[in-house]
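Below, subunit A partners subunit B and then partners subunit C, in two separate complexes.
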Partner chain A sequence: MVAMPLFTSKNMSRVIKELSIQSETVILDGKIIFSSEEKELGGFLKDLYKHTGINYGKFFKMDYLSKLGFLSSELLLKDVEEIKPETDEVALIFANTSSSLNTDIKYQKSMEDIPSPAVFVYTLPNIVIGEISIRNKFYGEHIFLVQAKYDKNILLKYADSLFETTATKYALVGWLELSPTENYNVQLMLCAKK
Partner chain B sequence: MSTLNKELKEELKAKLIEQLNLEDFEVSDINDNDLLFGGEGLALDSIDALEIIVLLEKEYGIKLDDPKKGKEIMQSIQTLADFIERKR
Partner chain C sequence: MIIGAHNIISPLGFTSEANFEKVIRGEGGIAMQTGTDLSDTDFPASVINESELEVHLAEFLELKAYTKLEQLSILSLKQIIAGVDVTSPKTGFILSTTKGNIDLLKADNLNPNALLATTAQKIADYFGFASTPHVISNACISGLVAFIVAKRFIQSGIYDNVVILGVDVLSKFIVSGFQSFHSLSSETCKPFDANRDGLSLGEGAASVIIHGKQKTENTPYVELVNGAIANDANHISGPSRTGEGLFRAIKQTLRDGDKVDVISAHGTATPYNDDMESEAISRAGFSVVPVSGLKGYFGHTLGAAGIIESIISIMALERNVIIGTKGLKQQGVVAPIKVVKENEYAPTKGLLKLMSGFGGCNAAVYFKKHE
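Right, the complex of A and B next:
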């Protein structure tokens, strides 16, 4: 990783797309593109996966936080032809407040018997970054911050710094929250270097 | 082929689909001799291998004492079923 000043004063981010996922509803650039009657998170994510029309068997092995981030990235990157796979020009900058607690608690419960290795591998919030990177062959900058609340400006400033000091030309930036009680709130942007 | 072994193989296929979240597969999609790992067959990975070891212990009370034999034992549904029958 390249050492960089925190933060640049330059505004270098141009928001290309904005995505929100809350209360069984997906909004892209202000328009509802998907909603589901499924109240349970697992069912909702499965419905959304089917809606995207992608075929990626590894999706079903992911934990809920990774599924949320993975599907968000698929929706944001869809039809963005200037972003090619196998690149270090796309940064992933995520934050939330519950870290991977949703999965951590499941793993803790599994320890009462024989713990599950497949659950254990998701007991870090930044695993979602790995899943998106594997899918797209992204080799660029990445960070997952755990913060008290969503601060869009701080995350965009971080993107600005990457745009100024690294090979980064695009960034997925935003909030990827999943609470232990399965309340979720995704507020993600696809940004480009100005 | 014993009826017991045939039943065990069908049971193993269903358990693997459930335990490994193989939602793209039905029991009928998996042949007894399909490779479990590698580019063909089910294309399972190293975490799946650990889950199979857990499954053997949880569901059948069998511990894999010699990890070196894991590759041979977990080659296919057939080899897994044969191993379970031997250990029962």
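Right, the complex of A and C next:
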């Protein structure tokens, strides 16, 4: 299934799907596909996981940022048959403003007791990239940028440069924000090389 | 792309030259830390001495209000910034760091100065950069990713020149995390050694100007030829046994005819990393190419590592020396590679720099000397 392009950047890529997750609501290509009564992030992520219908044990070990990014990638990659696992052709290009601070604070608290390696590993924003790569066997290009505010343009330009100069043919591109106070905002695109 | 002015600040010195002089003499910055600021137990690390830093800050009273991480960053950039038109929107600035001012969380969970983009903007504003700074936070490969992104930004026409800065300082947050993983050595780290038992942490700041324009005059220079990033798709905290991501990063970096004369390895001295790296280097067909590891001099400087180690390796390339791997006595890794123990003097032109990190990330960059 390939939708009509919603947004065209420079000239190397076309957007084939767009996903937004905010205020307990998931919007895919302009349509609400899921919403939950659950105001608390942990409960919302659990509800969304159930909604996707997948069975993936590693999900329950992830921190909130990874769960949010992982579920987003599942929703965007669903039914995209041209993307096969075991590939160098899918790039992951993410940005946010709070880096991994949501988990950093939890790790900081755990230090008073016994510091937990299982929490410490998630004190890096790029771990979500690792989780998505493991799930899909994506070996490709990837980057996590931290921005004061969402600069979609620069991320699309970066995707273009990958389409132009590397093996990349598809890219998950966009904003994956989770604040220390659990405010979340996902604005992700699945792009394909023209 | 051309490598321009550069600077390193570490316990070995406050200029690239001072750092290189110590390295070539086999001197390192790792020492036992006995205070309680960073850990309740003693541990070896390469830490920038506060009183030494005070001396360098003496003439810049305005820097008193900045954090140590910001002070090091600004001092490093001050040494290379002359001649850079920071007021041009075509001059980019990239900050590479893993944890920035994370120490501030101790007192206040919501301190805005713990936000990495705030830190980058503060540093950029000190110099008056017109462009918005970019922050790369990709675990231990961040510094090498800064070179790759700088190149891609210039290639895309976004910037003409890019200033890259890598920095991290140690905090209880970082030290306790590595201790919880049991990844710290009780002694100075021993990269690629049969008895290696973990890494040593380090602090540092380093900066480089990447110029987009090719040089026309007849002077020697080092070119940033190409780079690539690849994932292991295997484990978030353990490297792939087959070196999958690093192998792919190397393959995608090198083009036909790129000759590799020396490899500057990641070489953290953890048992798994160095084995993985030997596997990737060997699979790529570089079993007989001299491999050098610099963590024995600087420790693992996290977001600064890719930049510090690239600068030292580039300086070595210019001087036709392959730097001995401090801490290595008896090589002991799974795959056949040739790790250099003592400094060797040999003509070298092509340098391959490697880094790997948590999240299964790997990066490779190929530099070439033109005489």
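The rule is short, and it goes like this: the second predicted complex is superposed on the first by the 184 of 194 C-alpha atoms of A that agree within 3 Å, B and C clash if a C-alpha of one lies under 4 Å from a C-alpha of the other, contacts with A are read in each partner's own complex, and residues count from 1 in each chain.
Methods note: contacts are C-beta pairs under 8 Å (C-beta built on N, C-alpha and C of every residue); 3 or more make two chains touch, one makes a residue touch a chain.
Predicted, not measured: the structure shown is a model, and the values here were computed from it.
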### Task
State whether A:D160 touches subunit B only (first), subunit C only (second), both chains, or neither.
second
#### Entry: If touched residues of subunit A are counted for subunit B and for subunit C, the larger one
C
### Task
State whether A:I54 touches subunit B only (first), subunit C only (second), both chains, or neither.
neither
### Task
For A:V121, decide between first (touching subunit B), second (touching subunit C), both and neither.
both
#### Entry: Touched partner set for A:I32, first subunit B, second subunit C, both or neither
neither
### Query
Touching A:D113 in the superposition: subunit B (first), subunit C (second), both, neither?
first
### Task
Could you list which residues of subunit A make contact with subunit B in one structure and with subunit C in the other?
114-117, 121
### Of subunit C, residues touching subunit A in the complex
98-100, 102, 105-106, 109-110, 114-118, 120-121, 132, 134-139, 145, 149, 152-153, 155-156, 158, 172-173, 176-177, 179-181, 228-237, 244-245, 248, 252, 357-361
### subunit A residues within the subunit C interface of the complex
88, 97-99, 101, 104-105, 107-108, 111, 114-117, 120-121, 123-127, 129-131, 133-134, 136-148, 151, 154, 157-158, 160-162, 165-167, 180-181
### Task
Could you pull out which subunit B residues touch subunit A in their complex?
20-24, 43, 47-48, 50-51, 54, 57-58
### Query
Any idea which subunit A residues touch subunit B in the complex?
55, 57, 60-61, 113-118, 121
